[in-house]
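By letter and in written order, the chains are A, B, C and D; residue numbering begins at 1 in each of them.
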């Protein structure tokens, strides 16, 4: 195995329980997004576009779906003879195995994997953020500033700063203090969960942290403070652009809607920075003469006979004649029957809303459904909303 | 799954009646149906039928074709053993006429055919676009103990009269081919040959060798037609939708037929998916002022204007107040603000700037050459 | 994912502790064999040559080396867009994970993986046997005899039958009884550990077995007897040809030596049944004018200046002038210095026997070394036998 | 790693003096060193230097070459973006003479060069076999602010006199090329051009365009030599072992030199491994009666007889009592029991049956054509 300058490790084990029915059978990074992608396409494509071709994907919750999605990495051109993408579930030793105790523990458990490539730097990424970023610039800055660790930061609105891990920096962007969700933030530079470490330094901190009983084995809570305490050189790398943690149903819905304005902040049409994804092998979609589609994204294999407004249609979706779909996300191969009404809803993969059914209307609730408090109606996978059913806003329909 | 069959795609197909569209590319590389090239259909039919060793007789050199095929990865044909072979050709210039000299290329690639491991060979061109599984034809071939089985589509005699530049044949009651006509002006038969032939690989080698050594130059005439009496040649009917792309007008008409939901469904899904080179484009984007009806739209397109009865390939931009009617806009075409096109075919990378207008006739669409800016 | 008629599952978790130093850092299936292969190349190549292109490799002991060796399966032409080879370590659930309790448990834990392909048949293989076999014939027989399970059997010498799992069959090869290591064998048809099952039948037996407290969750000990008791249709498939379980240092050494006769029982030169392996990217080997090589296999990248007799040289081995190597196996990149003597030894990867050292001679023992009782001298990985050292037969040299 | 450099391999190389060896294949596809083809060396040097976008100007069509390259997987160049491109050629027949008409093919593939993303282009042929990393030349190019950097190997003037069919040049004290000779009969220079040129990709495009529009046909003469005064062309020395394969005799001599351990070591390991198509052969087998000295032996060979000073490619069989001396036996060659060959080159698949004898001279080895049975 040839040695690699930089190995990327993507933390993709998150269960994402706040995404409700969306993550019932999928880890959060495997959740579909933006009409054809899955969330993990973003860090994987960023890696490829940044010239990093050795990537470990650390899975734990529902690893099989992610493993089979990533396959041999062809979609991201990461099917390489040397390097490429490796899916790494937690390792079971003879005495047993367990889930990673924290983000740092996940990397610690895979030290042998990293050492196989003998890298100078390790790039740590989250598998559940939506953004486009050239990590090679960050790596350049890391080298130029001779840092031991470089942490990507983004300016967040001051009023939201207390929801993030905040970096307090000196004037030359050196990090002097890290505060996790400070009540009174001194700064509005939030950590994006994107780290470059010089590998020998990180390795020694990980090894030290692993034997600590009091550590929660987390990068933000433990490793970074320990490195600051150890007087290592930590620098901030300022990122400007679209970045979103899609950790809740609301933020997931919002991030999809963000794509629908005429000039969205996240440009998916830039030929120099493509987001790669597994192709569904579907033909171009057809728009019938009865259809009307505005402010929407429509993917391949769709058949649209009805009205679609401010919505995202994934591959193979069917919208019947007279149906009205608004402010909604329709997952792959779902179908909306004729004259159905769908408002501010997320319709799961292969689910079917039969003709005349109404979702997200403030009318009476005819079908048993648990409740949700975002104003969004969420229908799980492979479900049928029978004809003429009416479901109120905020409903959650899922199989137990 | 036809594991015991090798595929051969013969691209010696005349493309005289395609005007500017085939200037830069062979017929097989013509963009079709919003994201494909013609050859994708035969390739996909082959792999969906379980054929994993495919040779392409390429009829000249074309970067359009070799770029499209690359390693064969998209069709899962990048293999150590078998896989996809773009066979070299000694042909220079465009293929013309009813009897292309394809036998030279068959003959110079005889080694490849000889050394393949499958018992049978299935030949096809690229211009008979359909979605077919070859298993039924294969079992028919075995059952009839045929030497050669050729696939056909039955037409009424009225329809048949309107065809031109095609190979037609007649069969006896038991399905045996008894008469064959290549490019007749007035046909007497009603069975249109799909130019797909199944036979024993050794027979194919013998036919090529025997024909070439007797001065033969054209496969269909010298290997098939001349042997109607010597060999048991059977016809097998194909009953699905056939889009035979043999002229520009036909290309335009068959493209428009894809807007019919039943035909869209059949051609893309009937017996398996159609694979092509993946371009990693984002889903199509409909902006606030978009008005689109009766159209086929590929990923990567961004639409702010009006589109009707049209086909937009990948990465097409239709600006505000632009109007696209009865037109085909290939990859990366751009319709400037307020521009209007009607009955027009834009080849790749064509741009019409703000306010300009182009109008052809439905029976004679205007073709704009690749890369043109208007 | 398209459905697959038959999915193969290779049990590759064995620690192979009887292989001593050879499996210190490697699972048994990853042990080098036959001058360029690893043991698992045999079942993987058999799969590919039999037309089976969906293969799960179940790892547990030292999974990383195996994972990185198999990579995306390119070497076996199993880097497919659909199907291909999947490396499957034990799965860790939220509550933890543990090693497979037995061969049957290993398959049970991967039911979800198998179901992904919706197969009609499942082929169960061991990762540690050396043989060439066309599984498609076995599958054909399984279908023709409408069996629920078909077990490959091989005739072993009667006197050895009590070391194997023995199948007692009726005249039409239907299995009527299975005896694990019978003291008084009624038959000499030994199970090769190669099974074809009709998947729905196996699935139900695995599910039943999983909840049993008394089961050892093993195919031979539990599943097969349970299926016999359940009156399922079990058939034997007779295999004739070379087959060897390389479970001990002696049998490993013997299997290598078996290749060196002028007409070996296992033909590695058959172009119609190649054994595929990861290529080391080495040039052809050079034989100097001082060299003499007989009854041996020599791989790429070797430089031979000395004498080699009845030995196997892996890629990149160096044999110095005047050295004498006999009845030995020299692993990749090992070097034997000038005038050194190596008799009936296995020299580990990258180890160095310096000039004038003598191994496997019945002379005095100068270096501390634990003992081995096969007459074979075994030198571990990355070790140096210093110049002029003499090591007796039966020595084992390894790093603790 | 030269991520900002694209590679172009120009196979318009004369192969008049290779006799039967180049009958079925271009120079670049000649089997060499027991398991390689010439082109493997330049391809491996490119990828070992970090170049991941490589176009091959193929000078005619060859199944030997396209079969060998296939998808580029072996060189890890089967990529979605960049990767390996076998560019189509309009050349027919063998490349001959000192000034091959390569500019036509450069020009017809200008699109590919134009649309590549790297800033620099590195050109090379396939016949200068060596193991080189281009980084030093790249930094030299930047440091000198050169327009073009051309690599060379320095010879003594006595050695230089013995060279033929080569391009030689002189440099000034600062390394700038001041005189250049293509195929001189008596050279006045001592620097042998490796025919490897590094330049800005845009300059390359301009040079091709300008030369073709002025009637130029040969790259070295019309783009490089004619611009010695207009452009800053610098020479960069290569000090390693060079096997320039420009005639059959040279091919034979350089093959034999590989038996020297130092040269074997340098050519295969100096700056990285040499990659080639994997054939999955078992290790070579030496049977009981084998006597082998001073030879290079590839995997898959089975030896029962005598071999000295020879090169055996993959899958060669030497039967009992056979004798192979000073010979090169390519893939799947077979020397029957008791047969003797000396100073002979067997092309692929040649078989000499029991007891037969063939003897050439060291300065004129016999060449036996592919597939012959003697």
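Definition applied: a contact is a pair of C-beta atoms (placed from the backbone, for glycine too) under 8 Å apart; a residue touches a chain by one contact, two chains touch by 3 or more.
Quick caveat, the model's predicted, so the values are computed rather than measured.
Student: Counting only C-alpha atoms to place each centre, which chain is farthest from chain C?
Tutor: Between chain C and the rest, the longest centre separation is with B.
Student: If you tally the C-beta contacts, which comes out ahead, B-C or A-B?
Tutor: A-B
Student: Determine the centre-to-centre distance between chain A and chain B, using the mean Cα coordinates as centres, and give it in whole Å.
Tutor: Chain centres of chain A and chain B, defined by C-alpha means, are spaced 40 Å apart.
Student: For chain B and chain C, what's the span in angstrom between their mean Cα positions?
Tutor: 48
Student: Would you please write down the residue numbers of chain C that are in contact with two or more other chains?
Tutor: Expected reply: 74, 80-81, 276.
Student: Hey, what residues on chain D touch two or more of the other chains?
Tutor: 73, 80, 278, 280
Student: Using the touch definition up top, name the residues of chain B that touch chain D in the complex.
Tutor: For chain B paired with chain D, touching residues are 61-63, 66-67, 70-73, 78, 80, 83, 85-90, 92, 109, 111-112, 278, 280.
Student: Of all residues in chain C, which touch chain D in the complex?
Tutor: Where chain C meets chain D, its residues are 34-36, 74-75, 262, 268-269, 274-277, 279, 281-300, 303, 308, 312-313.
Student: Can you list the chain D residues touching chain A in their complex?
Tutor: 3, 73, 76, 79-81
Student: State the interface residues of chain A toward chain C in the complex, per the touch definition above.
Tutor: Within the complex, chain A touches chain C at residues 1, 60-61, 63-64, 67-68, 71-74, 79-81, 84, 86, 89-92, 94, 96-99, 112-113, 116.
Student: Using the touch definition from the top, list the residues of chain A that touch chain D in their complex.
Tutor: Where chain A meets chain D, its residues are 51, 77, 80-82, 276.
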